[in-house]
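Sharing a structure here in structure tokens format.
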Amino acid sequence: MWFEDLLIQIKSVLVLNAPEGLRPILSAMLSATPILSAFGGLFAAVTLLERKMLGRIQNRYGPNRVGPFGIFQPVADGIKMLTKEDIVPKTADHSIHFLAPLLLLLTAMLGLSVIPYGEKLVAIRFEAGIVFFFAVGGAAELAVFMAGWASRNKYALLGSLRAIAQMVSYEIPLILSSVCVLMAAGTLSLDEVAKSQSGSMLSWYIMTPWGLMGCVLFLIATLAEVNRSPFDIPEAESELIAGHMTEYSGFKYAVFFLAEFVAMFAMCALTATLFLGGYHPPLPILAFIPGPFWLFAKLMVLVLLFIWIRGTMPRLRADQLMEFAWKFMLPMAVINLISTGCWIALGRGSLGWGLSALINLAAYGALSRWLSSRPNQQKRTYRFAEGPMHAA
Amino acid sequence: MIGKGILKGMMETARNLTGSFHDPERLTTVSYPEEKIPAKENARNFPFLVYDGDDWESGLRCVSCQICEKECPPQCIYIEKDTQKKADFLGKLQFQPKVFDIDVSVCMGCQICVEVCPFESIRMDRDFEYAKSDRFEGLLLHKEQLAKSNKYYHQIHPTEATETDAIREGKRQDHLAKERAKAEKLAQAKEAASKSQSKEPNKE
Amino acid sequence: MTTVFCITALTTLASAVAAMSLRNLVHCVLCLTVSFIGMAMVYLQLSSQFVGFAQVMVYVGAVAILMIFALLMTRGGQELFMREWRPMHWLVGGLVSLALLAVLVGSILQSPVIQNTGPVDKVERVKDLGQSLVYEYLLPLEALALLLTVALIGAALIALPPKQYPIKPQPRENS
Amino acid sequence: MNSPSLAACLIFSACLFCTGLAGVLLRRNLILILAGIELMLNAANINFVAFWRHHPASDDVAGPVMVLFALAIAAAEAAVGLALVISIFRHYKSTNPETMEDKSS
């Protein structure tokens, strides 16, 4: 509490000392600056952390040359990216080619503005905050298309169309799995959602069966939405030479990366707010540590999970990706809505808990049985590698 | 059940991640310039010229037959014959190379020069730290850089060097045997000649 | 009328005009997207958040993308309209829409409604919106759900290639 | 927050409507004709919200609800319309409405 009050005091002193006409702009800037700088710093830290962790997973050290343990690697990367030549293809559509990375970054950063960082720390308090979040997230698809189309490159266009198809398909389970939380909280405003999970860890929504399932579905859809491995088909380096980013170099390429990471942070922050209690500490006695710290801790846990998943799983094929979205994620999200409804209708007690768990388990079992019995899910034999031709 | 394989894989990578901090088995990478993994005996990349003895110029095995120059697929070898002949290890008079250059920026390490060399002169090195600031002159290796002693060859590829020595020893023995046979023949012929000479007066 | 509204309205109109007159079809769709976003901002200024966000979500996130996909799938058949520039055609079309504009603006400025009402202090509350959707307008909502389902299936069926479907899975022979 | 006056909103939406109409009349591409129709629909939507905003009754939300329905219908219309455009293109190899003629004759 004291931390948030301190921040608000500082801001109000600064704003009140400014001339009358400048106050609204100054207030907006003072709200935006800490968020943007915090996530910019986090971006630098996470790029290094990701490379270190991937290295450890793959029996390597990771970057360890620049500074002790390589902690200045992000600085070196930044200098390298900034001093690189910015090449624009001759036939490219110059203005759109220039606007695309900026638009992508904009959409990613706008999402951060509605996340509640503390009880009083919300940049914009929208009553329909989560709708805003998903609306600006939807504009990211357009930015990806602009990047791919303006490059005048077949690979870039193919990659961007794949990216759009993937993002549109995964947006549906993403929104459906967040709807169950909105049903339980009875509001569309993100700070109300966070407020409804106050108390100990047990009142977080992930502690209910529908919440757990919703969280897992939401995280998987998030992975696809921000093009992280194993859903990184859009930028598949080995098959599509980085998709819509093919024709970008230097600083614009760095902006693409920044946008991707900021989108990931925004999505993780949203996951933490929806399912993991937002800025609330896991135990009430830990409330002396300020709320933003808890939100960032949860965010970091999710980011580490994403890096771990990236280090583990191979890339999905495009048709498998679509099949997974439409044949597993979508039905599971709809069934999860039903089980949330049962939980709410039965008075949010243990009876509802049990019924909800039962519905989800039965649906999961049935779905996975059906999917794994399909002919294209059987073990593949590779004609040339292990077939009779090979034997002969 | 969908997801079982994913969880299994995640456990494996988690074991790798935590194990890399205490288990050397799970962190097989070394920090290269500070520590190096000892090279395997059969490691090889670029060719070098072997010489016998201590003086590289006189002990060079190469006789500038130029077979390697012709066989080299990327044509990275350049040889110029010397004008005078010198005796080789068998005592035969052979041309020595005046210029022997290998452009390691072009060389692809195919080892064909080694296969075709009839004089066991060119062999594969395992030194890989060739980075230079000048990519044209710095990577064009001359005779004096290429020449390395037989002792060094024994150090890097002991088995192969022993085999090569055996071959050369065999050649020398053959040569000696041939010489001996020649000498014997010569002696016989001489003897015969002298006998016939000595007989001749007897005949008459 | 505030300056913010002026800027938004002018941007929206300019991009709408650009969307209807540019040569490059992809530019047209992108301009159209800008004008959709401008309209969402007008909704926000009219203090109806949810509608504005829904506008961005539906139009920018779905309709614009759909148009772009349709555009890219019908390439090769796109006639650039400047190539067959017909002044008479443009004159008549432009005059018709300008005449309609004159009629509309004239009737708006003359109507008693705009003299009688000033802005009322009210804010759209999402909860009210939701409640009226599920109590007052339940039947239209259900009908809409049905409509969307039918449209989804219908669109998919119409856009299917006619002959190739259903694709027979090729028997995987071991050759 | 002071919101724009009713007249301004109405004139703005009238301009948008006429732009959309001009697009429908003048352009020679089915997709852009659809885009013009969408613009006209949106202009009508702005009127709904503007009238709701300036109506004295404080507790009804008919305007936004109407817009939401219109949004959903517009989305359905766009989906079906674009699907139709694609199947027309497949048939006539063109998206120009003037070059289409009955192939069966």
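The chains carry the letters A, B, C and D, assigned in the order they are written, with residues numbered from 1 in each.
Please note the rule applied: a contact is a pair of C-beta atoms (placed from the backbone, for glycine too) under 8 Å apart; a residue touches a chain by one contact, two chains touch by 3 or more.
Predicted, not measured: the structure shown is a model, and the values here were computed from it.
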item: A-C compared against A-B, more contacting pairs; value: A-C
item: CA centroid of chain A to CA centroid of chain C, Å; value: 28
item: Between chain B and chain A, distance of the C-alpha-averaged centres to the nearest whole Å; value: 58
item: Intercentroid distance (Cα basis), chain D paired with chain A, Å; value: 33
item: Chain centre separation in whole Å, for chain D relative to chain C (CA means); value: 5
item: Which chain pairs touch, all of them; value: A-B, A-C, C-D
item: Chain A-facing residues of chain B, complex; value: 1-3, 6, 9-10, 12-14, 16-17, 20-21, 26-29, 31
item: Interfacial residue positions of chain C with respect to chain D in the complex; value: 1-2, 5, 9, 12-13, 16-17, 19-21, 25, 28-29, 32, 35-36, 39, 42-43, 45-48, 50-51, 54-55, 58-59, 62-63, 66-67, 69-71, 73-74, 76-79, 81, 84, 89-90, 93-94, 96-98, 100-101, 104-105, 108-109, 113-114, 117-120, 122, 124-125, 128-129, 132-133, 136-137, 140, 144, 147-148, 151-152, 154-156, 158-159, 161-162
item: Complex interface listing, chain C residues touching chain A; value: 26-27, 30, 33, 37, 49-50, 53-54, 56-57, 60-62, 64-65, 68-69, 72, 125-127, 169, 172, 174-175
item: Residues of chain A defined as touching chain C within the complex; value: 96, 126-128, 131-132, 134-139, 141-142, 145-146, 149, 157, 161, 164, 168, 171, 187-189, 375, 381, 383, 387-389
item: Complex contacts: residues of chain A adjacent to chain B; value: 53, 56-61, 64, 308-309, 311-313, 328, 364-365, 367-368, 371-372
